[in-house]
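Lettered A, B, C, D and E in written order, each chain numbered from 1.
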């Protein structure tokens, strides 16, 4: 089990996932036998475990119950990394290109949000998106009142006559947009590349078990390629993912259209090595620090972030979040 | 005739009992129709037709991957967890409740601890629970047990502790030691109360089951409700909740029947 | 001396009661120290020092936005919701429980409805609750009331319904009508049981409060716990949970005291 | 016949078990009926049926020529075999309850002078039964005999038309018991009560009653002891003026009563 | 003195209220002590103290010259004033319980031939108290007198060294009561029991007992009735051979006993 010493080679691994448009390939790969195929190839066993509650899945990873987990860049930074768990992002799957949005019930533009109560999952990417949005409209978080709202209940909460504004992600976002009189006034397509969806693994584990990384990359790019196909096979794969997410195939396709998938591993490697990643991560980091998420840290530099090419943000001695292109690169090179 | 003395007959009882429930259903239909008149796409109070179609997919179309009928496999999974959770809780309540109720030194020692456990909201400690017990069935069952058994333990302990002192004395004059008092005097008299405690715990047990399934699961009634909650699919949620209520009411009736069947002395009119 | 007869003295009782709780604390410290030896940054079982520093920020540093001390304003907000929710539930339990227990026709009519409400998990129907009651305090209090009052109602109704038939007959020979039986016979005898029911409901009430605060809120103990749960800040969660437990235990003791103080006839040793 | 209370062919059965079998009985107003009979004969069952607490399984009961409603009201008073007083009320409040219920239909509590009057009446009654010094005790703090006296005071203070007493003096010492005899006789005379009293004390039955009923089974089936029920096997009207107390020989049994009564009849 | 049971300066107090005051008593083995006294005097309290159910507030109790443990065991048997039988057991099982507890320390249930023997013994005892036809009834299905007889059978089957009876025959009709007298006398003789029996029936007290104790208050303060407790005001050892039954005058009170006993003393 995963409670063993992470620095030792092992043969069985647990990867946690939760429902989100960009992560549905994982359970599909499990069901379609792609996981087993790649795991067998490397002589290991990979369990892909669903956790309904996103935060709980990340917490379980932080607690060492999972060897890897699907997570956003901001949460990877503020939960495991800020908690001292050395974490490597080995697959940069996609960025949110409209999958997160700010909704208003009365008012056509973001400026109408001033003074309103906003329902959102506090301290999540929604919070970050709102802050970025307010920034573009010349406001700050002080100009609104945030109310922490559980992601599972946010649709219901927003349909209450009380609710005026909300920030959410898909699939909830689509359901909320469908409510009468609701307008989306800002979304993540306006801050491309800032909200990333990653697969992260424990750094010590991946160091000791590079085969795990290879298998995961193999699984991921085979599944992505399959779902991108325009034929019946591709449609069948997407329909199965929709079903797993509890959505209709149409709704799922719509969610995918606002998800910028790095289908080609080369593109993923390029995005990860691009300098914009550092700027984006700096924004995310500074926001997180300002919200007190680096508990007890004296400055935003307390949590170090490592990038390809030995570049680092913050304290280079305390790097706990690393963007690691090794396995994406192998995929790009066809060496898996 | 005074109202205290009016005992409705069996047939009348059924009718009377059905009345307010029917009224509620009618009220719901009225409100739903009203909302749909304003917004035909309303999702919050779906019409029966929408519920029927929402449910039929789960009821009759097998899941393409697993080949199972979703509704039934959800029901089975949830009932299994609930059954094991309730079973363990009942056993714990009986044993711990009996020991606490009968033996004052044990009560003094463990009473405060049980109170403490009873008042700690397990939901707040979910991360620890899942970390300690993993994300499998154990944690879900444990949440049910931790959620309902302390209340049941305290109830049984209080009931046993309130047995007339004379009975305990009398049993001792008949040669009974503490253990014998426990199994021959306290245990049988705690049984009807235990069944009553299980009945009262059915509601909370479902709440904890659904909470557990909402966090980490891939099957179960609570999982399905949680899954479709993101889309505000009340057309699935409402039939699922009604189904849960029906299951719970059947269990409630079964427990009442069991109690009357096996402990007639606790139910007979006494004079 | 047989264990059934051993009544520990007052001082011994306190000591005995503290023992298992102390043991648990020691066990915790041991496990926490062990985890920290492996990983000094461990967040799951924080050491007391981490808890102290985690808490002190909330205890002594005013929130920059509101200027209030977070811990105390959380406590106040939660206690207020809990108090109102418990108050309403108690009142509902007393009134509905009495009426159901004393008047068979009402029991026949409303009993099944109450059972139904009792077994429906309220968290599954949150959307309807939000539509009907909004997102404010009302909805949170309503969740507590819906969560705990049906169990209390059924408990009181069962207790009142089990009053010896002789008492009801006797009261009627003394000229009492249904109403008078309710207020002079059933009500006072239901009171100690009501306090006991409130005690048993404290745990579930906190669960529902925390759930409500987790769903949509910007202040409260449950809000804070769920907010920091995102970051696995067990150094805040554990002291908060301990604080909740302490508050609940104080309420529990207060209720026990009230019952003994105002209803001595229900507690005196009877022979 | 113009009886206050009349039972016609009354049966009481519990499942297979026949307790009372074809009881026919007319009780005249202002009579004092003593009921005797062996333990388990059905004496308490008879009182329960007259009280309206239970319905007879067959037969009919008329009160003032109207069918008896299966509920009881303030026209009937009762002292149950097991002293059943209200555990949550003090001695005084237990006794005042009857007055409060009648005089304050809504609140069932009295205030001011009405309360004072009720209190005085209750205290007087409690003094008559010897509980004048125990006004504030709760039933759980009293001895068996004290609880029984409280139950008696509680019933007597209402002066019901029909008073049903089930072994009311069973737990009392001879001194207090004779005080009670005097009290009940006085109330019976003063308020024209009709009393039906179950007792195991034959002397008491004869000295207080104007009529003595003996309940027992007429037929016995040793193989099916539950097949036959009890009924009034002897019914003796006593003329108080000429009444002779039967010689008390300590070991008096129903058989001897039977003989005695057969002699008399 | 070589008494089986001896009470030295025993007080029983409830808060302010003194119930028993300086009771000194020695009970010899194989004696049959009848206790009489007015209602509320403290007779049941005395039995509770001897039973070990309550601790005296002052004074000491010795059994076989050893201080009495504040708990009771199978050496003492009891029939409480309110027939306290186990509501969840049938008549037969209520009676067998004592045998089962002693013979099966772990399961408290008997099987096979041991069960058969216990059952036979219980049935015999139940037939002796007249419940032979009611073996399968639950207490709630029985009349008051039947419950009392069940409680008697339950206690007698254990043949305890010391048997404490609190008005055991109070709810029984004269016929059954005299059968009970015969039964208890026989058991008392056959098994060398020591019996302490509270009764309100003076004739019963004298006809069964080898010694009669009258409990009452020595002093009365009319303004503070709770200030003084009761104690044994008369203590009369009867020589069974020459014993004369006192004339029964029906209205016998403690005062008349006092006189009677003063005459004797």
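Please note the rule applied: contacts are C-beta pairs under 8 Å (C-beta built on N, C-alpha and C of every residue); 3 or more make two chains touch, one makes a residue touch a chain.
Labels paired with UniProt names: B, C = NitT/TauT family transport system permease protein; D, E = NitT/TauT family transport system ATP-binding protein.
Fair warning: this is a prediction, and the values are worked out from it, not measured in the lab.
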Moving only between chains that touch, what is the shortest number of steps from chain C to chain D?
1
Those chains which touch chain E and also touch chain D
B, C
Can you tell me how the remaining chains group up by touch if chain D is left out?
one piece
Looking at B-D and A-B, which one has the bigger number of contacting C-beta pairs?
A-B
CA centroids of chain A and chain C: separation to the nearest Å works out as 38
What whole-number Å value describes the gap between the mean CA coordinates of chain C and chain E?
47
For chain A versus chain D, what separation do you get between their C-alpha means, in angstrom?
83
If you average the CA atoms of chain A and of chain E, how far apart do the two points sit, in angstrom?
81
Residues of chain C that contact two or more other chains, please.
2, 5, 44, 127, 131, 164-166, 172, 177, 214, 229, 232, 269-271
Two or more other chains are touched by the chain E residues 44, 53, 71, 82, 141
Among the residues of chain A, which ones contact at least 2 other chains?
59, 63, 153, 155-156, 159
Taking all chains into account, which pairs touch?
A-B, A-C, B-C, B-D, B-E, C-D, C-E, D-E
Residue positions on chain B within touch of chain A in the complex are 39, 41, 43-44, 63-65, 126-127, 130-131, 134-135, 213-218, 223, 226-232
In their shared complex, at which residues does chain B touch chain E?
164-167, 169-177, 179-180, 183-185, 188-189, 263-266, 268-271
Taking the complex as given, what residues does chain D use to touch chain B?
44, 48, 53, 69-71
Where on chain C is chain E touching in the complex?
1-2, 5, 271
Touch list for chain A against partner chain B, complex:
19, 31, 49-53, 56, 59-60, 63, 65, 151-153, 155-156, 159, 171-172, 175, 178, 180, 240, 243, 246-247, 251
